[in-house]
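Naming follows writing order (A, B, C and D), and every chain is counted from residue 1.
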Amino acid sequence: MAKFVSIEEAVALIPDGASIMFGGFMGCGNAHKFVDALSKSGKKDLTMICNDASMPGGPMGEDYYGVAKLVHNKQIKKLVATHVGLNPEVATQSMTDKTLEVVLIPQGSMAEMIRAGGAGLGGVLTPTGVGTIVEENPYCLGKQTINGKDYLLMAPILADFAVIAGYKIDKAGNVWYKGDTSNFNIVMATAGATVIAEAEQVVEIGDITPEDVRTSGVFVDYVVEGGLY
Amino acid sequence: MENVKAFIAARVAKELKDGDVVNLGIGLPTLVPAYLPESVHVTLQSENGIIGTGAVTDANRDPIHVVDAGGSASAVGNGGSFIDSSVSFGLIRGGHVDATVLGGLEVDEEGSLSNWIIPGKKMPGMGGAMDLLVGAKNVIVAMEHTAKGAPKILKKCKLPYTAVKCITKIITEMGVMVVTDKGLVLAEYNPEFTVEQIQAATEATLIIPSDLKPMV
Amino acid sequence: MAKFVSIEEAVALIPDGASIMFGGFMGCGNAHKFVDALSKSGKKDLTMICNDASMPGGPMGEDYYGVAKLVHNKQIKKLVATHVGLNPEVATQSMTDKTLEVVLIPQGSMAEMIRAGGAGLGGVLTPTGVGTIVEENPYCLGKQTINGKDYLLMAPILADFAVIAGYKIDKAGNVWYKGDTSNFNIVMATAGATVIAEAEQVVEIGDITPEDVRTSGVFVDYVVEGGLY
Amino acid sequence: MENVKAFIAARVAKELKDGDVVNLGIGLPTLVPAYLPESVHVTLQSENGIIGTGAVTDANRDPIHVVDAGGSASAVGNGGSFIDSSVSFGLIRGGHVDATVLGGLEVDEEGSLSNWIIPGKKMPGMGGAMDLLVGAKNVIVAMEHTAKGAPKILKKCKLPYTAVKCITKIITEMGVMVVTDKGLVLAEYNPEFTVEQIQAATEATLIIPSDLKPMV
């Protein structure tokens, strides 16, 4: 059952060195207020699993948008992502300073690997990445031929925490996403040992029609209210 | 040629059919829809979770909740829908996208493409490109024929592959090249160039068919 | 783009011997009016992929409910399902008359195998069925050990047709499901070479909020209007 | 014993904790919620697509659109949601269901269970049972200790397995048996029976711990 806590209480759950999945795509669908608080917390040596590292220069003139704050504050030791090109600090920390380890995974494979983790599957068999350096990726467990076609076996991804962001979350923890913020949030909600969901608005049960719930409350451990962005 | 990119985009537009689901890469490919005839309606897909992207207006602008695959403010069009990343890439990998149009740093005569990494220099990541190349029914590479005079259409890519044996057609300001089992066939050429000039700008050997046509 | 056609036109698309996926669970979420018309069409030698064969005796007093009609009319040559115990005609045709071939697959595996088919994956690696006779199933391609745990590799499932049932379908083919009718409909909509969707109500674009669409119109080839059940 | 099924269901109810997500098989397991103390609220899951099943009333009754895993009219409760089959079995297989309670034709001392098929006689299919047994954190078999006097708790199942080495506890009218690496431990016994009587009704060898307790 989802517990409603303050952002500070939720941040306090995270130990140094934790692995954390963050939903979102270029900041869209990041749990902004939680990330803000985490970036000020001094927590360090985190493994961040996120589509990207967002970017400096947010849509409302933010200096650092969403998870880019955590990179900027050097809280990330390892980043598992699909694309980091819009946040130049990743290249600096990984290629120049060598303080950040980056593992790149194709976006569709990453979504599926996280889903597989949350769904108890042994791996993902995808044609994506066959014949490329993805075959040498630490998450690639080998190549298999099935019915004459080659597939890479990619490992499931799980994490200590998943931090997701919903637009409306009801008192039972059911989540409704606005626009395309659902992106990685939906699969990540199934794959964190502890799932923290940030709501822009906490609503009453019934406000979200049972058919329109996109992440069921049973997946969510903690809800924080972030307020409208 | 005055506007090479516009010329290429206009030719790419002729590849799209009414009703197609299309994913466009950043840069040149985004110019393509402007050249579609009125009778051709395509559904644009943004791999981060929009089916049927539409125009951003003052009324629907919401860069916090709706962005395109480049992270910029986007919108869903009439009849469109929002999907999560696993559904989106299921759509892509499962062959439900009719065409993807994207640029390339290098392509080769086997139909392989390299456009995601320059080792030691630029490591931006592949994003959704590898899935799109493997999954889309038609993979159209739209790019300038050469880079500062150096061929980009090679016998074999030198940079790390984005995907192997995936390209359907390569469209440049010089011509339209179709990937076949036997190699690259120059199906159409731009009459501003001779076939010899086109071959000279191309490392791969072009197969010249008897029915070579001018670019339409 | 989804085409709106009559039920008769949609049934006419199906050739004898076709493989057809039907969404639904014990009749709930079957495309009732389409199935009705198909059952009267005389089409035969069909392969039916459906969670079950529904049952005689529907909730409104129907003699045969949903896809049970197709079994009753002996139109099915092969049935791929997870449970057939509530339709005794399946046992008669398969065990006594030997006119119906039945392949049984665990429910979670079947959902995932259909999803894998629609999503271009090479197979499903599931712990379900390990050590059971599922290992001898024609859809089981072998057993693999990943990180010390055994998994069965189950084949993706695709079909010539998927016949799904939505409550509301808009003019762009976007589908909204009522109650738990979504069950297998959502995955099947991705895995039929041709997808036919029956609407209880056809609605205008905009009536279903873009966030609340559960099957996007791009997956749907034909829409028929069945009317409220 | 007057009502064996009620007795077993009442004991199973003590296994469930406040906040648990629980899947109940058909028959005896469906009696369990009636015996939960008021302080224990569980979320019932129906594998065909309901999280948080609730009571069917005249107002919400809709057997066309909302059914349970047995195909009967069901309803979603307050705070519940509807999910599709792939999400539902992701929930189950991924370990998000705290407990499943189901009956068994045969169970054995390795914690394996057979309940889905009698070859040549009954082939109803496994439905979602195999996934539930493999995926749920706790697998509780709730059944009568014997079938017409014949043991159902065996050294090794004779019927085809539903799943192997999956059971956490077996609860019958005679006792509570916990599956361990060493075999079946009789953790609690019903004082209406002697330990000897319980063993006599059981083909598997029961391990009798020094702290054997009466059933609570």
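A few points about this structure:
Quick note on the criterion: contacts are C-beta pairs under 8 Å (C-beta built on N, C-alpha and C of every residue); 3 or more make two chains touch, one makes a residue touch a chain.
Source: prediction; values computed, not measured.
Within the contact network of the assembly, the step distance from chain A to chain D comes to 1. Looking at chain A and chain B, the chains in contact with each of them are C. In terms of C-beta pairs in contact, C-D outnumbers the other of C-D and B-C. Computed centre separation for the pair chain A/chain C is 33 angstrom, with centres defined by C-alpha atoms. Each chain gets one centre point, the mean of its Cα atoms, and the points for chain C and chain D are 29 Å apart. Separation between the centroids of chain B and chain C, computed from CA atoms only, is 35 Å.
A separation of 55 Å divides the Cα centre of chain B from that of chain D. Contacts with at least two other chains are made by residues 112, 115, 119-121, 126-127, 177-179, 182, 211, 214 of chain A.
Across the assembly, chain B contributes 76, 82-83, 89, 92-93, 134-135 as residues in contact with two or more other chains. Applying the touch definition to every pair of chains gives A-B, A-C, A-D, B-C, C-D. Those residues of chain C that touch chain B in the complex are listed here as 1, 115, 117-121, 170-172, 174, 190-191, 205-206, 210-211, 213, 216-219.
Only residues 18-19, 21, 41, 43, 45, 51-52, 76, 78-83, 87, 89-96, 134-135 of chain D touch chain A when the two sit together in their complex. Partner chain C is touched in their complex by these residues of chain D: 46-50, 62-67, 70-71, 73-74, 76, 82-86, 88-89, 92-93, 112, 117, 120, 122-131, 134-135, 160-165. Chain contact summary for the complex, chain C toward chain A: residues 112, 119-127, 141, 144, 146-147, 149, 151, 153, 155, 176-179, 182, 211-212, 214.
Residues 25-29, 51-52, 55, 59-60, 81-86, 91, 94-95, 102, 104, 106-109, 111-112, 115, 126-134, 167, 177-187, 214, 229 of chain A are the ones that touch chain B when the two sit in their complex.
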